[in-house]
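Same chain, two partners: subunit A is paired with subunit B first, then with subunit C.
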Partner chain A sequence: MIAFSHYDTSLLLQALLRTIILSVGGGLMGVAGAVILTALRLSGGKVLLPLRLLAVAYVQIIRRIPFIVTLYIVFFCTGMAGVDVSATVVAIGSIGLIAAAYLSEILHGGILTVPVEQVEAALTLDLPLWARWRYVIVPQAMSAVLPPAIGYLVLFIKDTALASQIGVVELSQAGVILSGRGLPSAQVFCAVLLLYFTISYPLTCLSRLLEKRIAVH
Partner chain B sequence: MPYIDVRDVCVRHGKTETLRDVGFTAERGEIVSFIGPSGSGKTTLLRTLIGLQSVECGRMTVDGRMVNMSEPGSAKVLRAQAAIVFQQFGLFGHMSVLRNLTLAPTVVAKRTHREAEHEAHELLEKLGLADKANVLPDDLSGGQKQRVAIARALMLRPALLLLDEPTSALDPRKVQEVSSLLRDLARDGMTIIQVSHAMGVVASLSDRIVLLEAGHVRALGHGRGQASQTPDIAAFMNTHSDDPESGASAGGSPQGFREPQF
Partner chain C sequence: MNRLDFHPVLVRLPYLLGGVWITILIAALAFGLGLSLAVLLVVVRFENRGVWRRMSRGYSTALTNTPQLSQIFAVFYCLPLMGVMVSPFLSVVIGMTLNAAAYLADILGAGMSRVPSVYHEVALTLGLNRRQTYLRVILPHVGRTMFPALANHFQIMILGSAMASIFGVEDLTGRAYDIGSTTFRILEVMLVTGALYAVLSFALAGIFMLCRRGLERMV
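Our next item is the complex of A and B:
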């Protein structure tokens, strides 16, 4: 059993913080993007047709591209465009772009599970658009949306490890660095595993809690 | 001028003409029943009256106000007057019975929660559901759901109440209670339009009967107790009084359908 030095611990904690920043930043960007994409996909009328088609195409294409490819595309495109941003920002942007597509698919599918009769009942009660979403559609769609959405968020916490490919020192990269400095690899990566578990387990608990609350209501 | 004057309603589903030149009138406080074989367009007609069905042509005068039913804004005008009870009830399963009743009054009509809840409790008591206020709709029987749906519609204080098979899930005693309630509402000035296969209820309640067949009006009957005597309507009701959906068995009356006792 080895004891981590102050420097090793500091490196791991900084990497943990970066992984959290990547996950939370990418997740929030993904949720915001998913809401916009889903709103466009569900929109009606001819005016929004081009944007609707664009949203559908975006979701279909992005979901079929490996994360690492998207990461490199964003990394090199920002470089070519002369945009001076850190690798962490590029990684957050890439995660956000991908999460938006996946979460939009989950959100879209969840909303379509709400029976059309429920929407018609809300219409005949003369509920305005915001109230139809707030009181009727969203609460009913959430039972279909939350479990897979949180499951996906847990999955992509692990995918943030790929950000190391563009130089971001996140949790797994910190493990590689410590291992390369001569620390026993097995113990280093056990510590990394524990830290990944520490940040993803609360999300799983949150998912269970929300599922229970939804079941009650 | 009649309270409701519906004219020339045409509805198409693809190449099929679901409704063709349908029209009828109703005075304030009258009960109108749409009858006809399955697929004759009864429910479609009911849906047009609350703006859920897009129509190719048709106009409707409600309380002297003309509504062009094929215009996009017409639904808003219709819904300001009317409330509907769906055959499948359309209750919000994730809300308590009480919240189902108070949602629209508090959100749309801006009544206070206290006022809306007080009215909801009164209505639930009237409909024999006083102890169901905090229950979720999924925990109710079909008949209870139907009465909750009626209560929810009444919470809107509509001038026009549309009902799709309002007694289909009720036992005979509840059929009488709901029929009695509908009569009281009509007496108070509410115009009621129902789609029903319950010929006994139709015969006893209706001031007007509209017999639909293949999307057009085959016969119109007028006058409480008289409407069902119109030859085509009487013939239809006689042949359909054994319908298991009718809620009334055949025999007992010269018309072959039994009128419920109130």
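Our next item is the complex of A and C:
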């Protein structure tokens, strides 16, 4: 067993940090985007119809394009438009774009599980709009939304590995670099996979735990 | 800002479309091999109560919590060290197979736990042995009930096969990247490629829906 030198370890840890930044940043953007998309999809009236269709089309289409292609499109779009941002920002933005689509599906589905009678009862009680959402719809929808949403966060952590393709030195790229330095590939990739596992597995467990909790109720 | 120019891409469209078949080939090969491996994993999970069962569970946990790209990298860099020389195409197929087996075993496992225990009893009464019970009763039933989940995973694998381009395989994304680097119209070619993937995915969704109707009629 050949030990990693100080420089190798620090590269690996910095790459791990970069992977976490990408996941958290992309996940947060995704949540924000999902709320907007879902609000549009649930909106009524004729004025918002084009936006509603656009939101549905966005969710349907973006989930059918490989993440790496989305990443390239965002990367070269910002390049062509002359927007000067770092590859990390591009990667976070791309993860945010797909995360918004997937999370919106979950959020939309979760809100639809709340029985109509509940909303009608809230309307009868003359609850204002914010109270209807805050005390009636959101608490009930969350039980259907949270477990799969956390499960999908694990998916986005794994998608960050593709950010290496636009030049972000994250965990999987660090593995390639270390392997190129002449370190034994088997050990390097074991370390990389193990690090991914240590950030993904707790979330998987949390998702499963929440699912069980809810099943008990 | 430059203007988009799709002409150089459209001229090379036949070459790009040829990549669609390679994409489908990679996904189909890895799905088929992964499903065979998954059947083994899941039968072990239900038949064995000891260390093998735990290993089968551990396999799924380990491979579903790490990125497929890193897994393919590991295969790509480690197989040659073990003296096994394989083409990039095969490395990708092997990596995707190992990954798919983990997910498909979880899907089949969920289906197996929902098979009514009467099925096992009836098979026993009919005098079927363990192998016949699985091959003729349990697995066909699981295949039918879990068809939507399996089809969905195939769609995910079509998208995942785009990673093959990173290893130099000429699948749809790989060919797109080639065209991009010869024509310098990479944004245009990626937009067309994205549209092609979306069309492919919608087409597959349609085919799977027909299959599902056929399956439902069979029952």
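Quick note on the criterion: the second predicted complex is superposed on the first by the 205 of 217 C-alpha atoms of A that agree within 3 Å, B and C clash if a C-alpha of one lies under 4 Å from a C-alpha of the other, contacts with A are read in each partner's own complex, and residues count from 1 in each chain.
FYI, contacts are C-beta pairs under 8 Å (C-beta built on N, C-alpha and C of every residue); 3 or more make two chains touch, one makes a residue touch a chain.
Everything quoted here is computed from the prediction, not taken from an experiment.
*Asks:* Look at where subunit B and subunit C land on subunit A after superposing the complexes, then choose clash or fit.
*Replies:* With subunit A aligned, subunit B clears subunit C, so fit.
*Asks:* With both complexes overlaid on chain A, does A:123 touch subunit B (first), subunit C (second), both or neither?
*Replies:* Only subunit B; A:123 stays clear of subunit C.
*Asks:* Decide which partner touches more residues of subunit A, taking subunit B and subunit C as the two options.
*Replies:* C
*Asks:* Once chain A of both complexes is superposed, is A:152 in touch with subunit B (first), subunit C (second), both, or neither?
*Replies:* neither
*Asks:* According to the stated criteria, A:133 is in contact with first (subunit B), second (subunit C), both, or neither; which is it?
*Replies:* Neither partner.
*Asks:* Contacts for A:162 in the overlay, against subunit B (first) and subunit C (second): which applies, first, second, both or neither?
*Replies:* A:162 contacts subunit C only, not subunit B.
*Asks:* Considering only touches as defined above, state whether A:4 meets subunit B (first), subunit C (second), both or neither.
*Replies:* Neither partner.
*Asks:* Superposed on chain A, how close does subunit B come to subunit C by Cα atoms? Whole Å, please.
*Replies:* Result, nearest C-alpha distance in the overlay: 26 Å.
*Asks:* Show me the subunit A residues, by the header's touch rule, that subunit B contacts in one structure and subunit C contacts in the other.
*Replies:* In the superposed arrangement, which is not itself an observed complex, subunit A uses no residue for both subunit B and subunit C.
*Asks:* Inside the complex, what are the residues of subunit A that reach subunit C?
*Replies:* Interface residues on subunit A, with respect to subunit C: 61, 64-70, 72-73, 76-77, 79-82, 154, 157-162, 164-165, 171-172, 175-176, 179, 184-186, 189-190, 192-193, 196-197, 200-201, 204.
*Asks:* What residues of subunit B sit close enough to touch subunit A in their complex?
*Replies:* The contact residues of subunit B facing subunit A are 50-52, 75-76, 79-80, 82-84, 86, 88, 90-95, 103-104, 107-108, 152, 156.
*Asks:* Show which residues of subunit C lie in contact with subunit A when the two form their complex.
*Replies:* So the residues of subunit C in touch with subunit A come to 1-2, 61-62, 64-71, 73-74, 77-78, 81, 155, 159-163, 165-166, 173, 176, 186-187, 190-191, 193-194, 197-198, 201-202.
*Asks:* In their shared complex, at which residues does subunit A touch subunit B?
*Replies:* Answer in residue numbers: 117-118, 120-128, 131, 135-136, 139-140, 217.
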